Amino acid sequence: MTTAARDRAAAPAGRKPATMAQALTRAMRDAMAEDPTVHVMGEDVGTLGGVFRITDGLAKEFGEDRVTDTPLAEAGILGAAVGMAMYGLRPVVEMQFDAFAYPAFEQLLSHVAKMRNRTRGAMPLPITIRVPYGGGIGGVEHHCDSSEAYYVATPGLHVVTPATVEDAYGLLRASIASDDPVVFLEPKRLYWSKSDWSPEAPAAVEPIGRAAVRRTGASATLITYGPSLPVCLEAAEAAKEEGWDLEVVDLRSLVPFDEETVVASVRRTGRAVVVHEASGFGGPGGEIVARVTERCFHHLEAPVLRVTGFDIPYPPPMLEKHHLPGVDRILDTVARLQWEN
Amino acid sequence: MTTAARDRAAAPAGRKPATMAQALTRAMRDAMAEDPTVHVMGEDVGTLGGVFRITDGLAKEFGEDRVTDTPLAEAGILGAAVGMAMYGLRPVVEMQFDAFAYPAFEQLLSHVAKMRNRTRGAMPLPITIRVPYGGGIGGVEHHCDSSEAYYVATPGLHVVTPATVEDAYGLLRASIASDDPVVFLEPKRLYWSKSDWSPEAPAAVEPIGRAAVRRTGASATLITYGPSLPVCLEAAEAAKEEGWDLEVVDLRSLVPFDEETVVASVRRTGRAVVVHEASGFGGPGGEIVARVTERCFHHLEAPVLRVTGFDIPYPPPMLEKHHLPGVDRILDTVARLQWEN
Amino acid sequence: MTVQELPGASYQPTPPPAWRPRTDAAPLLPDAEPHRVLGTPAADRVDPELMLRCYRELVRGRRYNAQATALTKQGRLAVYPSTVGQEACEIAAALVLQEQDWLFPSYRDTLAAVARGLDPVQALTLLRGDWHTGYDPHEHRIAPLCTPLATQLPHAVGLAHAARLKGDDVVALALVGDGGTSEGDFHEALNFAAVWRAPVVFLVQNNGFAISVPLAKQTAAPSLAHKAVGYGMPGRLVDGNDIAAVHEVLSEAMERARTGGGPTLIEAVTYRMEAHTNADDATRYRGDAEVEAWRDHDPILLLERELTARGLLDDKTVEAAKEEAETMAAALRERMNADPVLDPMDLFTHVYAEQTDQLRAQAAQLRAELDAEAAS
Amino acid sequence: MTVQELPGASYQPTPPPAWRPRTDAAPLLPDAEPHRVLGTPAADRVDPELMLRCYRELVRGRRYNAQATALTKQGRLAVYPSTVGQEACEIAAALVLQEQDWLFPSYRDTLAAVARGLDPVQALTLLRGDWHTGYDPHEHRIAPLCTPLATQLPHAVGLAHAARLKGDDVVALALVGDGGTSEGDFHEALNFAAVWRAPVVFLVQNNGFAISVPLAKQTAAPSLAHKAVGYGMPGRLVDGNDIAAVHEVLSEAMERARTGGGPTLIEAVTYRMEAHTNADDATRYRGDAEVEAWRDHDPILLLERELTARGLLDDKTVEAAKEEAETMAAALRERMNADPVLDPMDLFTHVYAEQTDQLRAQAAQLRAELDAEAAS
């Protein structure tokens, strides 16, 4: 069952399907309506509604003072957001694409991630940094990076990424509500994924930090997040033919990392594969493998394997399909989980 | 035996001890003397010789055109170095401290790491970026980050870090000679470590990418690099009292990662601990654990464990000792390697 | 009344010792209004041959833009950022370069690269998506088309600086947009260039917008050229649709750079007549009236008027230019209609000079997958 | 001869439609030489009470610097970047602020923070090393001392902007060094400030050096104040050792910001009389003669001369100021001689609002280690 199918199954009858993009827009809208300190800022987020239209309509509803087209300078945007947060606002910053967040890394690593700590809690920074990330949309260079490794390695940041339309709403609301800075990674290629989620009855906003078992299974666990969830669910369907009943865990947030849910699953299945688009070497997968192995060592029938992007710069559009973890590569890897033993 | 002790033991009699700082200076000097395309640039590297005096004397010997005090702007420094490399020079860039390399991350991630790839090899960038890193010197905030996770997660970069005086010379020479960009991480607190290494007969320059077994042992392998090597060697000495004979592997380069040397060691000992100063979560240790576990699964008596910095912003000077991996914490962790089984 | 005579001030105040008034010869403030040549007395001094060459290039450039946009509709290009309306800047930038000079284009400037002599298919490779940079930058001395805004500017400075150190007669010309001037890299590059007196020229094409964001939200400066003042370099403001003016101002700056006079910042006032790219909807942020107002200030039109007034533009010339443009377009269309030949193994070939063990293993994995696929 | 009469130019050229000459009231070019007050007719207008207050503060500030440097020698401070010679800027920056205003200091500006009312022990916490920021920024509205250069500037802009949006009467004053002006964050902050007309004032203390690098290697601009031009904000050049001048220029800028006039960039020309920090060896990059030349332009001396000439400085005042300074220094010395109370568990307390499971486990590990250590 694909994500969309699952979502449809779960939703009450009569709802119109909504896209992840719409759910994100609605999350910001509701947060802004509820809390006057929420401000949206970034390049083209106002009049245009963002290059992905995720902020569509917000400037019209809330005015330019709360939804601001900034000058074109990412360090300036995030740095200004820091100052605004110091004064009690809750900025929601849009970085236009993954690689265009890099100019803001000094502000992110040296201030955003550390300010609460530096001031013994006196100056928390409730900033949400929305970053469209990942590939699969035929984007040219610098538009498809999976940059989560940088964020995950930075203590003081939360790193959240939705894989379903419901979560796009719920997790973004929770991120904006968080008193800590959140890097909110939006899987570009799921922007137009749909479910019967309805903006009229948005899901309850739960705190970030809990993984979700998206499919139960007994043979092995696929651990994944964001853009790779639909691929893993598809792989799990296909695996049935091979006689494997795969469990699929959607991490939803990389920091905090829900070790308990993951460990419980892997202890049960005894085998696991971590799947993500980011390059393998130094990517989040290594961390997950290390933790899971430490906690599940005597339950494991085989080493925890990974299916990830290659250790290369993101490829040009015409070659990206070879780079991205696909169903076949996942199944090939599941097959390497020492089933004979 | 400490590194210095080892180095002394290995060196021919009659040599005067030299510091790592001196070996680094000498490496640049020799590279510049041999190759007129080598240029050194950065903040305070000229007249002052750098805040750590690593470029001491170079401006005097080679002139300001080749050893340049730049304006204070790290993206500008690295960006200009890119242009210089495009024209055939071999820039050696000094970033004054770890955290002050962050402003240059866009140049590093989007250009330095990718230019060879983007141009199908037509425009390689032989740039060496020297970054003093890590703690243990009582430095205030932003002066002690272990930022290697960011570099390691960026395909296209080599990431090299010496732990001995000899390697400081040999690896820096090799890095400058490399046709690829190298992030050369200098462990600040080893700058004043000494050995009988002599600038008169510098070690042969071997290509980067090979780990070194710094101490052979049979009970378990400590996998480490840079500032943590002396700590691991000390721990290995202390472990003898507990009856453990520890092998110590110095990675020397994180990218390329010498999997063969590490795997051979762990297959032999059956147990391993990865030790580094960088925060554990998302740090290089997870990658190492994942790879080693995959390759050594059936040789392992226990999960590969890690001793790392905590998942916190680098602490203030008076508290750093609690954060840094020390001998006791390493031994406590070795003790957890399921010796009873 | 002098200071000394003041009640209470019985000593001689001195200025701070380290402070020295600078007396650079370079003009401090840029032109009060955009420099123009066409339709002014200055046009008289322009070589008719140059004007006619510009005309042919402009016509070709316009046709190139149309063809590239057409290719997006046919799915042959993933995306195309048009320079319709900005052709005068693009062409002039290419024409003022000597053989050994370097061009540093932004992602929008494929036309400048093509006008410099780059094969248009190679220029469009990035946007077609079969590779990133479609050409060897050393061949025509054109740096890779640069997408992260303003990041190419320090490269231009570094290259120019390196060339000067080597004693080579090389000037770097770097192109950037109005939006790009807000980035930190713009600032750092211009500062380095001025301090190093590097032979580099910065051409800002102020086309009114950074995607949807108008200049008024980008800067409060009197002009973007005024930014030169803060770096201690000359700043020039020029009508970016007047190709003779752009050519003149650029040539002067190139000459100054070439003869040791250091960098120049030039703002060319122009307008992006089409949407940001084919994927953009410009009606969301600007009205037709504004676009229409610029039609009468079209770079081709301005030059046509001048040439006509001077009796330099006969039907034959017009026809020949059109024909040349059509030939280029037809060839481009045909070549772009062929599917590019792809080798997935290229993914691993140019990450490092020598493949790491890890990459070798990954390449082997992909090879095996491809072989299996081919076999099935 | 008008354009129309030209042979060949038979049409009316128009400027590009979108281009409008800006006619801002703000002066375009900063002062031709550093603004001065002391020893000039302008000094007459300065309130004697203010001058005397400045005098006491300068003397205290000088003593604070001496005490802090002494503490480094006793190992009570890890490092101290002195502001000897720059006290006029530090003090004036504190004095022009109203209660509700915010100060954004760089790592060097502990004196400004102390002069604003911050407990000196809290100001020095960072440099002693028991924690990072030693105070609650909200208490005195002083942002954390900022080490990554120029990164505090966008914070100041954002805070000022937020306050203005809320309708609060708050101005942010941000301090930065001459070296810091080269960073991209400087550029981005000033541009944002100007575009948003944020109530923020930027004070550049041009003390001649960025560690070892002199201004001439930092910029080729006529002055750092000239950088204001490129952002469309007023730029002022002031003698940074003339406290009355700095106070005046800062006050004007603060007032302009407060009344909706937007940001100002001020360059104060001053000199770092001591090494970069106690760990630095200034003899490597500058000669004694240069330092000596500045002794006669010492901020305290300049003010003393003025006060003496006006008969405002009697022995009693001098003594009282000295005594006040000694009392402060003695108290600081005594308090800094006590070992700070440390709790290693603080490492985990303020990483997030709520500890993650991972951090809880790590805290437990350290707790156990500490307990074991205490038990052994």
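Labels for the chains are A, B, C and D, by order of writing; each one numbers its residues from 1.
To be clear about the criterion, a residue touches a chain if its C-beta (ideal position, glycine included) is under 8 Å from a C-beta of that chain, and two chains touch if they have at least 3 such contacts.
No experiment lies behind these values; they were computed from the predicted model shown.
Peer 1: Measuring centre to centre, with centres taken as mean CA positions, what chain is farthest from subunit A?
Peer 2: Between subunit A and every other chain, the largest centroid distance is to D.
Peer 1: Just list the two chains that share the greatest number of C-beta contact pairs.
Peer 2: Per chain pair, the contact count peaks at C-D.
Peer 1: How far is the middle of subunit A from the middle of subunit C, if each middle is the mean of its Cα atoms, in Å?
Peer 2: The separation of the two C-alpha centroids amounts to 36 Å.
Peer 1: In whole angstrom, how far does the Cα centroid of subunit B sit from the Cα centroid of subunit C?
Peer 2: Subunit B and subunit C have C-alpha centres separated by 40 Å.
Peer 1: Between subunit A and subunit B, what is the separation of their C-alpha centroids in Å?
Peer 2: 32
Peer 1: Using the touch definition from the top, which residues of subunit A touch two or more other chains?
Peer 2: 70-71, 73, 75-76, 99, 102-103, 106, 110, 114, 117-118, 141-142, 155-156, 255, 257, 281, 310-313
Peer 1: Going through subunit C residue by residue, note those that touch at least 2 other chains and give them in order.
Peer 2: 131-132, 148, 182-185, 187-188, 191, 195, 217-219, 346, 351, 356, 358 - these are the residues of subunit C that touch more than one other chain.
Peer 1: Residues of subunit C touching subunit D in their complex?
Peer 2: 1, 3, 6-19, 21-22, 24, 28-29, 32-34, 36, 38-41, 43-44, 182-188, 191, 194-195, 197, 208, 215, 217-223, 226-233, 239-242, 262, 269-271, 290, 293-294, 296-297, 302, 305-306, 309-311
Peer 1: Across the complex, what residues on subunit D touch subunit B?
Peer 2: 78-79, 126-132, 147-149, 179-180, 182-185, 210-213, 217-219, 284-285, 340, 342, 344, 346-348, 351, 356, 358-359, 362, 366, 369-370
Peer 1: In their complex, what parts of subunit D are in touch with subunit A?
Peer 2: 131-133, 136-138, 143-144, 148, 151, 153-163, 165-166, 172, 184-185, 187-189, 191-192, 195, 346, 349-353, 356-358
Peer 1: Any idea which subunit A residues touch subunit B in the complex?
Peer 2: 75, 99, 102-103, 105-106, 109-110, 113-114, 117-118, 141-142, 145, 149-150, 152-156, 255, 257, 278-279, 281-291, 293-294, 297, 300, 302-306, 310-313
Peer 1: Subunit D touches which residues of subunit A in the complex?
Peer 2: Touching subunit D: residues 65, 70-71, 73, 75-76, 78-89, 103, 106-107, 110-111, 114-124, 155-156, 158, 178-180, 209, 255-257, 259-260 of subunit A.
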